[in-house]
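Labels run A, B, C and D following the written order; every chain starts at residue 1.
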């Protein structure tokens, strides 16, 4: 077994040097201001060893990665009723497509495309005030990251003007089918804010540990969810976690993962490690280009794959 | 660890008794004649132990399960050039949809939907005679199953009239985009015949062992493919192996698998076992209903999941 | 030539007696309260003769028929720049479909589907206050109907809750592509209110006379638009005026026409007459069922068809 | 009223001189060999006056214009049963799209897109031999054109290799839904051959006269179809005759018309004239570019429009 920190440092050096960095998302103006040369990685092994390199302590906008945690919260509150609101099939469409909603009467295909995540946020919100629910989501992230300094980047939340219209279209569309319970502006307010949570690779990898260890954070012994639920969240990440690049990610990286347009990816090696990478440039499907490349290098060098013996 | 044979026998008994058996496919008339009460299961563990129950030695039409093996052959012959002909993303559509082909200029989304498998067959066929290529596919199946009696069910091959028109539409459509090299009737002839291969659960589980053990059949020591390739084939099975029910299968069963409209499913527990089940009744997505239920029971009782620690 | 009033009275009697009345639109609650037995018809011939029968003086919600007049206003203000915002092809989709917008980057196919009419309203609104623009639209309708009592039904405008979400989805979606200039809520406010204008068949047939007479109202001599523009508006009505039932209307009635979900239809017999009918029950495509049947009977008895010698 | 021959000659001169000629269809190799500089026009007025200019006596491949005449034949044989096989709504899609067929279970939207015309050919074929039916179609064209020299261009028929695969896809797809009665290759054989009929503008304008005069050819007094049927065929031409450019043609030209990829257009001015134009270069929707421009100039100068007083 190669030395984990060595592998991680090598990969960070290699990624820092590459010229092909993808395109930084521009449709959220505040995100467009991020440094495209940034690269961070953090791996937390089962025994608690942390291997980190590059900008692993620089907070970035986790964006859609937050959807893994809102799904976890929603399953905790509503159990399998969650699946009356959203499906769990890959969409075969871009992250913000509305076509599928028309064909399937307002029910999003999965909780990780925008429409599905908005429906999940609406479910969590039901019967509560937006501010309270947002506080609950933030405290859940702080708890999982074991770091009370995790915060929402208000400038990013305020900046989502253009993508905001697209998400407002999705939300109103679902509302017209009765799939949302709350006022559209409340649901979108909570959604935009939980997507604007900023975390470093180290914080994010810590927050994902329960998914790598059958629902339990090994450092604290806290059971976040039952083993079966952790496995199922991983399954949804694998089939749906990278929008219309999910098949590619499974093929190349071989681990469940969830990307965000801020350039982060959370990847889970069950029983082995929780991994977070960050590189702001995106590929055509909207996933971090070098993030995926780095994870492919990592899993190849370490022989990590859920598909191998 | 529970006794494997006991678990398998229990499941077979339970499945035999259930009333909800799905619907036997009727669009291939010969398949419609199969006994809907049939149920078979065979599990071959890493150490070679075989646990089998029910109709585990009755041959059935493997249909689309053959696509796992033609993909393996095509990768062996053409390597990554395979991926110029087909993608590896879930389709978000039924198995025989043609819509996606129009949107993506004749390139099928993955090798396991009908269009993709036809494109793979065409690639294998290139420069050879249909009869020879069909012989090669059949010998590959006999070799993997370690059983020279594996054969094509000519009555089934001849019976695919109705689905035949749909497949002819897909093939002609791809041909119009230049995605197929060979005469449409040659490619379809080979395709229909390799789908009509008949195997028992025991034979099929044997044939799948190389996928469970990083490319090598542990009983013979033969390396069929390299480890990375075996893992990648498993990845494509997980994201695309059950058409528009792939997310559901990953969520409930937690293993890579490939279904066929004959009611069979091949499932791979990497490092642990190769599993084949058979129950002719299908669910709405065209996958064996009780086959999936049985695999879910099996993986839950044995704690097998690629998504767990 | 049969006597016009006789024909009109016969048709009204026949329509009053029919049991197949379609379904009254329920998604706008206020519209659902209308009497399904209502039927009105008014025909104004080239010489000014009015033939009317049934509930021809009862005001009803003109809904999408208003789109003919907002298109006329927009062409007057912006000329051919209108066609940078909307196309003029039939959509092949239901009136409130959003699928086409995704395929064609936010540009609605024509000005008579909801998305297209919202884009037209936004164009008229540009640089003005909603209240002023709404006043202008209303005054235009009063002028054309030669009746200053034409008014907006505020209860209907306030009642569009459910359809409101769908329209909000369409508007936000277009806004995300930069197709709308004004705040979404301003544009939708004007749109909902001009759709809620209430008119009788007699008023509506009067308002449509300029389209039947090459842009000029023969009773006043006022030129509303140039001849070519009137003809072109008629052409768009013929190909797009009945959503996904436009082909059917052209085939059966043989005249340009525009329907509204309030159950009204305005039909134009160029050189001959302006016709308005009203029957609240709709067919599957969202067009007045008996309205279309009545127009088919009228044109057959009078030999009116733009497709005949 | 301007002198008809003068107008027609002016237009031919102008069209001959224009540089923007569209793109000659290349997917049928034989059609690609045609001279892009060719331009022909023939107008036959109600009184039998013929005004012609340019290459008005050069035969060209009428291609999809033949679909007007096969629809006429099918309505004569099967009456309204035709409409169980095909719809009569604009498709909102390109001429050879297959997407709509999947959504609507194999029923083409109208008789003028490829799928619809193939379904119409299949209906005419039922119970007869391909050769006989093809003979019948050809004799019908010779009869209408009053010219027994009208013939099929066998080189064109033989050349449809590439488009052939697309049409074979459409036909097999419909066959899979049971929409076609005859063997696919028989239906496609007849279809390809009737599309390959070659006619000059003069012959084509003559053949279309019955549509301009309520079903009767004024020169012979022969009634080809009843007045209502002629009008309805015109209606389908107007809404569906130019594929996804039908709205544009209605808007600009103001007459019912049917185009073919050979560059011809047949346009009908009811009560006034039958018009045929030919210019091989096509626009993006697959319709003759200068053909449409010429017809727009013609109708503007003569004040011909079915939408005007």
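Please note the rule applied: a contact is a pair of C-beta atoms (placed from the backbone, for glycine too) under 8 Å apart; a residue touches a chain by one contact, two chains touch by 3 or more.
Since the structure is predicted, the reported quantities are computational estimates derived from the model, not experimental observations.
Trainee: Just how much do you need to spin subunit A so its Cα atoms sit on those of subunit D, in degrees to the nearest 5?
Mentor: 180
Trainee: When the C-alpha atoms of subunit A and subunit D are each averaged to a single point, how far apart are the two points in Å?
Mentor: Their C-alpha centroids are separated by 55 Å.
Trainee: Using mean CA coordinates as chain centres, what's the subunit A-subunit B distance in Å?
Mentor: Measuring from centre to centre gives 32 Å for this pair.
Trainee: Could you grab the centroid distance between subunit A and subunit C? Build each centroid from C-alpha atoms only and quote it in angstrom.
Mentor: 47
Trainee: Residues of subunit C touching 2+ other chains?
Mentor: As it turns out, subunit C has no residue touching two or more other chains.
Trainee: All pairs of touching chains?
Mentor: Every pair of chains meeting the touch criterion: A-B, A-C, B-D, C-D.
Trainee: Going by the contact rule set out above, which residues of subunit D touch subunit C in the complex?
Mentor: Subunit D residues touching subunit C: 46, 87-93, 100, 109-110, 212-214, 227-228, 230-232, 234-236, 238-240, 244-248, 250-251, 254, 256, 270-271, 300, 305-309.
Trainee: Please give the residue numbers of subunit D that touch subunit B in the complex, ascending.
Mentor: 97-99, 101-103, 162-163, 165-166, 168-173, 175-176, 184
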